[in-house]
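Report on the following structure.
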Amino acid sequence: MGLLHLFSSRQEKIDLIQEKKITTIAYEQIQLSDGTQPVRKPLSQIGGRLVAQIGAHLMQNDAGGKGVLLGGMGGVPPAEAVVIGAGVSGTAAIQSLYGVGAHLTVLDTDLDALQVIHETFPGVATMVSNPNNIFRATAYADLVATCILIPGERPPIIITREMLKGMKPRSLIMDISIDEGGCLETSRPTTHEHPTYVEEGVIHYCVPNMGSAVARTSTYAFLNAAFPYIREIAKKGSADAIDENPAIEMGAVIIKGELKKLSSSKASVEEGE
Amino acid sequence: MGLLHLFSSRQEKIDLIQEKKITTIAYEQIQLSDGTQPVRKPLSQIGGRLVAQIGAHLMQNDAGGKGVLLGGMGGVPPAEAVVIGAGVSGTAAIQSLYGVGAHLTVLDTDLDALQVIHETFPGVATMVSNPNNIFRATAYADLVATCILIPGERPPIIITREMLKGMKPRSLIMDISIDEGGCLETSRPTTHEHPTYVEEGVIHYCVPNMGSAVARTSTYAFLNAAFPYIREIAKKGSADAIDENPAIEMGAVIIKGELKKLSSSKASVEEGE
Amino acid sequence: MGLLHLFSSRQEKIDLIQEKKITTIAYEQIQLSDGTQPVRKPLSQIGGRLVAQIGAHLMQNDAGGKGVLLGGMGGVPPAEAVVIGAGVSGTAAIQSLYGVGAHLTVLDTDLDALQVIHETFPGVATMVSNPNNIFRATAYADLVATCILIPGERPPIIITREMLKGMKPRSLIMDISIDEGGCLETSRPTTHEHPTYVEEGVIHYCVPNMGSAVARTSTYAFLNAAFPYIREIAKKGSADAIDENPAIEMGAVIIKGELKKLSSSKASVEEGE
Amino acid sequence: MGLLHLFSSRQEKIDLIQEKKITTIAYEQIQLSDGTQPVRKPLSQIGGRLVAQIGAHLMQNDAGGKGVLLGGMGGVPPAEAVVIGAGVSGTAAIQSLYGVGAHLTVLDTDLDALQVIHETFPGVATMVSNPNNIFRATAYADLVATCILIPGERPPIIITREMLKGMKPRSLIMDISIDEGGCLETSRPTTHEHPTYVEEGVIHYCVPNMGSAVARTSTYAFLNAAFPYIREIAKKGSADAIDENPAIEMGAVIIKGELKKLSSSKASVEEGE
Amino acid sequence: MGLLHLFSSRQEKIDLIQEKKITTIAYEQIQLSDGTQPVRKPLSQIGGRLVAQIGAHLMQNDAGGKGVLLGGMGGVPPAEAVVIGAGVSGTAAIQSLYGVGAHLTVLDTDLDALQVIHETFPGVATMVSNPNNIFRATAYADLVATCILIPGERPPIIITREMLKGMKPRSLIMDISIDEGGCLETSRPTTHEHPTYVEEGVIHYCVPNMGSAVARTSTYAFLNAAFPYIREIAKKGSADAIDENPAIEMGAVIIKGELKKLSSSKASVEEGE
Amino acid sequence: MGLLHLFSSRQEKIDLIQEKKITTIAYEQIQLSDGTQPVRKPLSQIGGRLVAQIGAHLMQNDAGGKGVLLGGMGGVPPAEAVVIGAGVSGTAAIQSLYGVGAHLTVLDTDLDALQVIHETFPGVATMVSNPNNIFRATAYADLVATCILIPGERPPIIITREMLKGMKPRSLIMDISIDEGGCLETSRPTTHEHPTYVEEGVIHYCVPNMGSAVARTSTYAFLNAAFPYIREIAKKGSADAIDENPAIEMGAVIIKGELKKLSSSKASVEEGE
C-alpha cells in the first residue's frame, strides 16, 4: 500500500477487482459528516503548497520559462499570480505564492471564502469567480493556478481555449484539478518527467498526483491522516469497519466486487475475500 | 509663534523683516550635518500620514469622488495607489495606504530606498522612477501621491499635462510637494475649504501645509522637534545660537535683515533687534 | 433596484405595497439557518470599514474636529478609540482603526468574540460590555463606535445622555447601529451632507446607510452577495423561490400585500402580481 | 575571568590594583569610534529582555505582586507598562513586554528613537521624555522600567520620591540603570535573593547585573562579543593592544596602576606586571 | 465563593455536602452542547499563558534553573520548548512561548489542530502525538509543557519515567494537566511556595490551579465567564436553573446530596436546602 | 552588453583586452566609499532569493532530492536549513527560506548582523560562525547555503570534506559563493543544465551566476543599478568618468590594457581606444 499509486490504477485493474469480488476502500474518499475528507485534505494541501515552488521553477529560463522571479525585488515589480478556487488546495497555493512575494488575485464563487482570504492575506485582490472575471484576471497573469474540487464531481471547464488567446505569451497555467479531470478545455495529464506543454502560447502544467514530487513528506502526511482508519480497518476487518463507521463507508467504492460509485479516484487499499 | 503660519507669509512680510533688520530663523530649514532637517521631518511625516485619510475621504461620493473603498473587500479588489518618492513623507504615505489595504506601486530614483520598501511592505510593487514608468503607473492608478522633496530646490515637474490624459477619469492626484512648488505641470495651491479642482478629468488635491488639518497633533510634533532649538536660542540669543550651532545657522534665512537665501519656506520665529 | 434606497422607504410606500398586494423581499433580511444574513453582511462590513476613514476625517480641524491624527506619531500618543460590539461591523471597524494605528478598547457581551479580538489584534484591550465598563471606556475615548446588531430587534440604548457628560469635550461618537434605530439615547439620523451634531459637548455621527459614501464598492459588494438570490428569484418566480428556499422566505417581509413582519429594514425588490 | 564579577569589585580591590600597578581593561568600556560599546551591548540587551519575565514574575501573587497577567486576556485589559529610555536595553525591554502583550508607553528624549519604536511596534504610545510626561505616564503604570545609559556618566534622577506618590499602590518599578547608579531618587541596589523593597507603596526592583539570572546565556553572549578582543590582547599583550586598537584603549581604565577614569564599571581583566 | 478554592476541597467536604443534602454546581463543569466548557476555558487559557513566564522564571539561575533565556539572542540560539496538547491551554502556552521567542515543537493527536498551529505560528514544528514522537521531542527539549484535557476523564500517562532518562539534565517539565491528575508517571502536585522537585534529573513543575498566581486576572476572567450563570441561578434558584439550562445541569455534580458524577473538579457554589 | 556574460570571460579574452590596450570597467566592482558595491548588490540579492526556489526544486524526488517539502505541514516538521553568511545574499536567502517555512539556523562572524536577523525573523536560531558551530549546524541540516563574500578576496574554505562526512545522506549544499571561487573544499562550478553532483553523500549545487536562471528579472535589476554609471561613462568617456568618480575608478579593472587588479570578476563593458 502506498500513496503514490492512489490515482494510477487503470480500467483493467478495476475489472480485476470486480471480478475477484475484492472490497476496496479509497482512503481519499473517506468523508466525515460535515463533508470534509480527512485523508485527502493533507494531500490537497501539499498540492497547493507545491504551486509556488514548481511554478517558480517553471518560470526559470533553464526550465523553459520567462526568466522571472515571482517575488520581484526593489525596482522590479513582482509577478502576477491568479488562483482560482480558495478551498483547501487553493488556500495552500495562496499561502505559498504569498510567501514568495507574488502579487495575487484570488477568485472563488464563495464570498465567505474570499472574505477570509481578504482578511488573512493583506494586499491580495479578490474577485467573484465568473467567466468575465476569469477572463479579466487571466489576461494580466504571469501564473494561473486552478484549484477547484467539487467532491464527487468532475470539475467544470472554467478556462476555455478562447480565454488562453487573451493571455500573455509564455505565461503559465498549473491545473491543480487535473487529478479530478482538470478544469481547462486544453488540459491533459502530464508527468513529472515531461511536466509541461504549450497551447495557444501558454505553458500548461498538468501533473496529477503532484505530491509524489515530495514523496517523503507526502507519505508522512498520508500516514498521519490515514492511520486512524487503517488501524480501525485492521482491527475490525473491512466489513465491520464499513458498517460501523460512516466515514469509512463513504470511502468503500467497491464492496465485494460491486462498484458502489465510480469517481475519478481509485482504490488504495485492496482486501481479498 | 505657531506652526500653522509657517508657509503663509507673503512678500510684504519679508520686505518688512528686511527693512527692520530682523533676524529670522526658519525652523524647518534647520539642518544637521547629514542633511536631515529635524524640525521639518515630523511635519513631512504628518503630511504623508494624511494621504490615506484625506485620499479616502476624497474618493467618497459625498466628497465628489469615485465612491471607492481604498482597501476593497472580499470580492472587490482594492484601489490602486501610486506613490512617487520614497523619502520621509513618501514612506509615511506608503505606510498609511498600506494600512488601509490599498494595492501600492512605489517609484523612486533611489534603488536602496525601493529595496527598503520592498522588504518592509510585502506585496508592494516598486519601480525605478523615470518618465516611462511614471506614465505606466499613473495609467492604472486610482490615487497618485507625489512626495518629492529635494532640500533647497524646487521639485521637478514629473507629471505633465500630457500624462494626465492617460489616466482614468475621476482618478485622484495628491501633490504633497505643493509646499515646495509642486511637481505636476497642472498643480496650483488650494485650501482646506476648497481642496480640489479637476484638470483633464483628474481630481487634483494641492493643499499646502496639510498638517494644519490635524493642528493639535502637528503642534505637538512641531514643538517636540523644535523645542531643543527654541530653548537654545532663548538661552544664548539668536546671534550666539547661529554662531555656535551649525544646524541653527542653516535655518537662519534672514540675518539682521539680510536675506541669506530665499527658498519657498518662510520664517517662523521673528526676533527684533 | 438599487442598494442605496434600501432603508429610505417611508410608510406611504409600505401602504402602497400592501394595497397593491405586492410581494416584497428584503435582501438584507435573507437569512441562513445558522442566523447569518449573507446579503447584509458585506454591507455591515463596509459600514465598519468606513469608521476609520470617516472618523479620521471628522477629527480633522477642517471638518470641525479636535485636529488629532488617529495613529499619533513618534512622540505623540495615538488617539483612544472604543468599539462597542465585536460582530461583523464591529470587527470591520476594529480592523480599520487598528490599521491606522489608533489605540483600541473593544467591548462585547460575548467573551468568545472578545477572545478572538484579543488574539487577532495584539495590543487591543477588551472588556465585557456592561454599563459600568461602557462608562469607564467612553470617559477616556477620543472616538467611540457603537456597532450593535441584534437580528430582528431594535438595538438597546447602551450610551445614555448621562454617560455623555463623562466624556471628553469634542470627542466623537459614531452610531453605526443607526440603521436599526441607534443605541444612544441621544442619536438621531443625519445625512452625508450634514453628518454631525453636538450633544453634551460630544460630536455625534449618525448617518444611516453609510455604505452609500462609497457607492461603487457597495454596489459591487451588494451584487456579489445578492446575485445568487436574484437569479433564483428571476428563474423560479418569487412565490416558488420563497417556498423552496427558506433563506429567501426569511427575507420575504410582505407576501402578496400581507405584512409578514415589520422590522426597521425595508424592501429592496418589489414584484407586482 | 567571568562575566558575573564585572560589577562586583569594591574599593579595596581598586586600591590593590593601583598599588600593584596592574593594567586593567574593562570589557564593557571597550568603545568603537561611533560610540557603541560592543561588549556591553549584548549584556544590555539581556537586561532588557529580562524585564518582561522578571516583571511578570514579580507581579504574581506568590512573588508579592498584584496578581496580574501582563498581557491580559479576552475581557481583561492588559497591564500598562512604561519604558523610559529607548536605547539598547530599553528597546530589548520594549520587545519583551510587547511580546507578552502588555500595553506600552515609551519615553525618550530622542525623537528619532521614538519614531523607530512607533514604526516597529504598532499600538505602542510614545512620548517625549520630560518630568511632566514621566509624571503622567507613571501615574497610570502597572510596571515601569527605567533604561537610561549615558556612556561615561551616572544616569540622572528622573523619578523622584514625589512622583512615586502619584503612582498606583503595588505598582512595580524596575531600575535597569542600577548598574550605573540608578535613575530613581529611591533606588538602591538589591540582590537576586532579595530583589525588591517597597517605597511609597511602589515595589522597587534594583538588581545590578541582571544578566546573571541567566548566566549561561549571558556567558555565551559575553564571550561571543568579547572573544575578538580577548584574542587580540592575548596575542599582542595588553600594552600593544591598547596602543594599536583605540577601541581597547577606551576600555583600559587602569594602566599600570594609574586610574585613567573612574566610572561605575569595574575591571574584568586583570593583568600583573 | 471564590475562584481560588475551586480545586482545594477534600473528601471530608464532599462528605459534608452529601450529608447535608446540598446541591453543588461546579462552574468549571458547565458545558455547552458542543462540548466546550465556557467557565473553565478562560482558566485553562490563563494556565497556558503562565507557561512562558513561570517557565522562564524557573530556568533562571536564582530559581534553580539552567540559566537560559528562552528566546536566545543574536549569536545564542533560543531554547527548545515542546508543548504536548494543542487545545485551549496548549494553544495559550504556544502563544506565550512563541511570544518570548522559544523554538517550539507541538504534538497532538488531532491533525486539524496541528494544521491550525502550523498556519498560525510560522516556524513551529508539529508532530503527531505518539510515544515515539514524544520520546524524540522530549529528548532535545529544554522545556516541556503537557497540556492535555479530556473532559470528564483523567488524562493518560504520556511521559513515563523511562522517557525522562532520555531528557537533558536540568530540563524542565511543566505538567499543566496536574489539575486533572497529571499526565506524567512521575508527577505529583506541588505548591506555589515549593513549586518544583527533581526526578531523573528533570525538574518537575506540577502546581495545580496555576491561575492563582495571577489571582486578580483570574478572578476577573472567572467572573466574566461565570456571571451569566451566577445570575441565572440567583434568579431562578438552583433547581429551576438545572432543569431549564442543560449547560448548568452538566455542572451540577451533587444534587441534593446525591453525587451525580465524581470528577477531579470540586464544587464552587454551595446551596443549602 | 548583457548581464549573462559577466562572469564567463576566459583568459584568452583577458589577454586580448590587454593586448589591444582596452579599458575595461567591471560594473560589479564599482564600489562606494562605504564599501558597498551598488551594481553587484541586486545580483547578490537575486542569488540569495533563488536559494529557496532552487533548493526546494532540488529536494523534489523528480530532481533527485529527498522528497521533502521545505516548509513541512501540520504533523510534518519543516526541513532544517542552515545559512552561513548574513550579508546581502545571505539575508536574501534567509528571507526566501523563511518565506517558505523552513526552520533556519544562521551563522556569521558579525554579531551585529546576527542580532538584526534575530530581531527581523522570529524563531530563527543564530550562532557565531566558527568551525565548531559550522560542524554542529551542518550535522542536522537538510539544506545548507554558503553565502560568503569578502570584497576583493577569495572566500575562505569553511566546509571541509571532513565536515561533509558528519552530514545527513542526500542533504543539499548550495555554494552561493561559487562566483568568487566557492567556500567548500569540495565545490567546483556546475551549470544550469547539470547543476549538481554528489560528494560524500551530500548533493552539491555550485552554479555560478545563478541570476541567469531568471534572466529577465536579473537584467532589469542590473540595468536599474548600472544605468546611472552607464550614463555617466557614456557622457564623459571612460577616462574622465574614472578620474572624476571614485566609485567608477574602483570598477576599472583594466585601464588601457594595464591590469589594475585581477579578481574573479570579469569585465562587462569594453571600450576600444
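A, B, C, D, E and F are the chain letters, set down in written order, and residue numbers restart from 1 in every chain.
Basically, contacts are C-beta pairs under 8 Å (C-beta built on N, C-alpha and C of every residue); 3 or more make two chains touch, one makes a residue touch a chain.
In this text the structure is predicted, and so the values were computed from the model without any measurement.
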item	value
Option reproducing the contacts of E-F, where over half of them reappear, out of B-C, B-D or C-D	C-D
Chain at maximum distance from chain D, centres defined as averaged CA atoms	A
Intercentroid distance (Cα basis), chain D paired with chain A, Å	55
Between chain F and chain D, distance of the C-alpha-averaged centres to the nearest whole Å	40
Interchain centroid distance [CA atoms averaged], chain D/chain E, Å	35
Shared-contact residues (touching 2 or more other chains) in chain D	42, 45, 72-76, 101, 111, 115, 119, 128, 224-225
Contact graph of the chains (line, ring, star, complete, other)	other
Every chain pair in contact, whichever chains are involved	A-B, A-C, A-E, A-F, B-C, B-D, B-F, C-D, C-E, D-E, D-F, E-F
In the complex with chain C, residue positions of chain D that touch it	72-78, 98, 101, 103, 105, 111-112, 114-119, 122-128
Complex contact set, residues of chain C against chain E	111, 115, 119, 128
Residues of chain E that touch chain D when the two form their complex	42, 45-46, 49-50, 52-54, 56-57, 59-62, 66-76, 96, 99-101, 192-193, 212-218, 220-221, 224-225
List of chain D residues in touch with chain F within their complex	38, 42, 45, 95, 224-225
